[in-house]
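Pasting the structures here.
Next, two complexes with chain A in common: one pairs it with chain B, the other with chain C.
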Partner chain A sequence: MEIWLQNLLFGALVGGVYGLAAVGLALVFGVLRMLNVSHGELIMLGGYATFWAFSLWGVDPFASLLITGPLLFGVGVVLYQALFGRLVRIEEEVKVQLSILIGFGLALVLHALAIFAWTADERAVTTAYAGRVVPLGPLVVPLTRLGGLGVAFATLGGLHLFLHRTDLGRAIRATAEDWEAASLMGVPVRRVYRTAFALGSALAGVAGALVTVSDAISPAIGLGWTLKALIVVVLAGLGSIFGTFVAGILLGMAESAAAFAFGGVFREVVGLVLFLVILIVRPQGLFGRSG
Partner chain B sequence: MAPLLEVRNLEAAYGDVQVLWGVNWRVKPGEVVAVVGPNGAGKSTTLRVIAGLLRPLRGEVWFDGERLEGKPAEAVVDRGIAMVPEGRRLFAHMTVLENLWMGGYAARARPHRHRALQEVFDLFPILAERRHQLAGTLSGGQQQMLAIARALMSRPRLLLLDEPSLGLAPRVVQQVYEAVHRIVREGVTVVIVEQNVFPVLEHASRGYVMAQGRVIVEGSARALLETEEVRRSYVGS
Partner chain C sequence: MKRTGAVVAGVALLALPLVVREAAVVNWTFLVLLSIALAQSWNLLGGFGGQVNLGLAAFFGIGALLTRVLWLGGVPVLAALAAGCSGSVLAGLLVGAPSLRLRGPYFAIGTLAMAEILRLVVGTTLPEVSALPSRVIATYHLLPRYYLILLVAAAATLAAWWLSRARFGLGLVAVREDELVAESVGVDAFRHKLLAFLLSAGFAGAAGGVFGYYHPSFYPQFAFSPVWTFDSVLMGFLGGIGTVWGPVVGAAFFVTVREILALGLAEVHVLVFGLLFILVVLLLPGGLVEIGRSLRRWALARATPKQHPADLAGGT
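Let's look at the complex of A and B:
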């Protein structure tokens, strides 16, 4: 029993970062109607920024998200201007498809560039507090993972406040609902698109830092993260930041449980099974709003 | 008097299909101008060109001495033209208050948002009551009022209304037009597009009848009610 609880707890902690990764993807999709399948590669870049900041200057990986967030925001602006921004006026269905093509190409390029720059080796940061645990009754809570969950939650809370309490945030939400109506209000829609894309990338940067706190990274981790983020977005449905966060935690727990019950290979299988089941049973997702 | 809005020989198309074939409108300050005509006449398209949602093929849009055609919508609203689009197009998942706040997003409106909010709440007290409700949960009439109020938040000099009575009960239509009268009294010039001739021509001072991308008749609202074209379209509808 206890070992089950311990596994679920561990999965929940890991899942918080899934939620953060997914919100970035969902933000871009919700506002621009583009699926950035290179989101995982942006997480990978955030991870390397964290790794090098730690290795070269001894920056604490939790503190490094103050670097990786703005850094990836800038990367997002560049990618939007150079690539994704060219699709904005294309009819919606074609736009999604083209964005996926661009994303795949970009993922391959970033993957290759990362190998070229940093080799294909795994890299990890080892902090003084790595491996430390906090007791919780009969269970133990790994400190770095607890911190990751907390930072993910705080980041999403900040995003929520930004989207609801500021003019720019409300303009992003309004544009997501009806860009034409938003432009009638005076919203510069293209600039809002760019900001939303960059914000989604910044969230990937923060997620990359949190990944690197607890796990080794390599140039190849991107695709796996894109997949996890996609599964969580489908699981949660669009429209709710905290719904997406909860769905991330659920995926983390499901993975942990499946790996414990049936063996490690099932960790990856369970997400895809959930993905299909949700698409069949509740296509709007657990917390999504229909229409 | 010099016109506040003048549309000259406007031609526009959706893709390869041309829908406007030389539209001419002149709207003087303080007027309520009705534009009626059957579906596909080009009424809404003309509004979309004026509001900056559609680039015309040819022709000019003059507003208060400045050429506006081809300027993007976010620039047009900053000149003082607000449009209430067909179907209202509210932000359904945002609250009444958030919708109104978005209406005051334009630079010309932003510094005055608190006062503008008071004014639209005076005009539509029901919106003040429902301010924390999601826009999508309002009744049809309330949604139309919110759409008009949202447009007024930009403090326009010219208000363009596209089918404001669409899908509303006659009693609610009456309320909407009463509000329009109060808006006009505040000094706003109004252009109303309607497919149905009756409520709008009773409230307008002047009107245009459009068909197949052109103005076919124009005149005072009273005179238009007598013309063969209007009577025919009324009987036909």
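Let's look at the complex of A and C:
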């Protein structure tokens, strides 16, 4: 029993980062109606930024969020201007498909560039508090993962406040709701698109930093993270930040449970099963707006 | 004229391994044909139906693995191929039936998820390299492999030709252009997309099966690598998707350029072609075939100056 609880707890902690990764993807999809399948590569870039900040200057991985976030925001602006921004005028169905294709090409390019720049080796940061655990009754909580969950939650809280309390945030939500109406009300839709894309990219940077705190990174991790984020988005449905966060935690727990019950291989299989079941039973997602 | 060209090319390809005795040439042609089969398989659904399959590698891999395991287990190779092909179609049904009912990105996500998860599962459960045993190596001949892949590539191209003129294919193109309008004139969008997808998965499985029968030794995981998907999409876009000859031109061009550049490192290859791919998607959605068409139109317009160019531009 205890070992089950321990596994589920561990899964939930990992899942918090899935949730954060998925919110960035969902933000871009919800506002621009583009699916950036190179989101995982942006997480990988954020991870390397954290790794180098730690190795070269000894910056604590949690503090490096203040570097990786803005850095990836900038990367997002560049990618939007060079690639994704060129698709905004295209009719919706075609736009989704083209954005997927461009993201797919970009994912492979970034993967190859990362191998050139930093080799295919795995890298990890080892902080002074790396192995520490916090006791919780009969269970133990790894400190870095607890911190990761906390930071993910705080970041999403900040995002929520930004989207609900600032003019730019309201403009982003209005554009997601109905860009034509928003544009008629004087919302600068293109600037909103660029900001939303860069914000999604910055969230990937933060997620990358959190990944690096607890796990080794390599240029190849991107596709796996994109997949997790995509499955969480489908699981949660669009429209709720905290719904996405909860769905991430659920996926983390489901993975842990499946791996523990049936063997490590099933950690990955459970995501596909959940994805297919959701499509059949509730295509709008667990927390999505219906229709 | 196109038909004559196709017949000439077919006869040349049939005669090639009998006339040219050099294994390197035959092997190279084998690779081109394998690429044509894969690019054409993606084109059947992606080009004519407008659905982005990001997991072609899954169906290629299933075909390769099933065929190889059964064949090495003693099943006649054609039966093993049929089994590999059916396995791919079944996997296509599993992921396509729920995801193609919905519009939006669900199909792309589902196929990507299936390919990546299969790659990881195969990588952990079958970590050993799959090499042909010496008794098989002793009797290994290139010819049957060559003719099998020629058959698959020709059949896939024939399927694209059929789609370009049959009622079913026109329905599929209508769904690609506007699903709602297509439904309103009586085209069952889901059925069209699903059948085209199963056809595509079947051809990818057959190509994989021949690969499993052909390759002396590879890691089972390699057959599920996303590079198979990427190359297929790239070749399709280079040549021009939604056409019969685009993927053929694209595959020949791609394999040739790859050989000329002699890109030893896999990363250089991905970098060069990844950038090229993004450029083609952004700037040249019609591919090489479209360039050819524009050039012909331009030449035609020059040759007949009396005609107003706008009349020609409206064509095709």
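Here is the rule we go by: the second predicted complex is superposed on the first by the 290 of 291 C-alpha atoms of A that agree within 3 Å, B and C clash if a C-alpha of one lies under 4 Å from a C-alpha of the other, contacts with A are read in each partner's own complex, and residues count from 1 in each chain.
Basically, a residue touches a chain if its C-beta (ideal position, glycine included) is under 8 Å from a C-beta of that chain, and two chains touch if they have at least 3 such contacts.
Given the structure is predicted, the values throughout are model-derived calculations rather than measurements.
In the superposition on chain A, contact of A:S183 is made with chain B only, not with chain C. In the superposed model, A:L113 lies in contact with chain C only, and not with chain B.
Looking at the shared chain after the overlay, A:P283 reaches chain C, while chain B stays out of its contact range. When both complexes are overlaid on chain A, the residue A:E268 reaches chain C alone and has no touch with chain B.
By the touch criterion defined above, A:I231 reaches chain C but does not reach chain B.
Number of chain A residues touched is higher for C, counting chain B against chain C.
Look at A:V88: by the touch rule set out above, it reaches neither chain B nor chain C. Of the two partner chains placed by the overlay, only chain B lies in contact with A:G239; chain C stays clear of it.
Applying the stated contact rule after C-alpha superposition, one finds that A:I102 touches chain C and leaves chain B untouched. Residues of chain A that lie in the contact sets of both chain B and chain C are absent, per the superposition on chain A. By the touch rule above, chain A contacts chain B in their complex via residues 167, 170-171, 173-174, 177-178, 180-189, 239, 289. Considering their complex, residues 29, 35, 37, 83, 86, 93-94, 96-98, 100-102, 104-106, 108-109, 111-113, 115-116, 223-224, 226-227, 230-231, 234, 264-265, 268-269, 271-272, 275-276, 279-280, 283 of chain A touch chain C. Residue ranges of chain C in contact with chain A, taken from their complex: 50-52, 54, 94-95, 98-99, 101-106, 108-110, 112-114, 116-117, 120-121, 124-125, 179, 226, 230, 233-234, 237, 267-268, 270-271, 274-275, 277-278, 281-282. By the touch criterion stated above, chain B contacts chain A in their complex at residues 51-53, 72-74, 77-78, 82-83, 85, 89-94, 98, 101-103, 105-107, 109-110, 150-151, 154.
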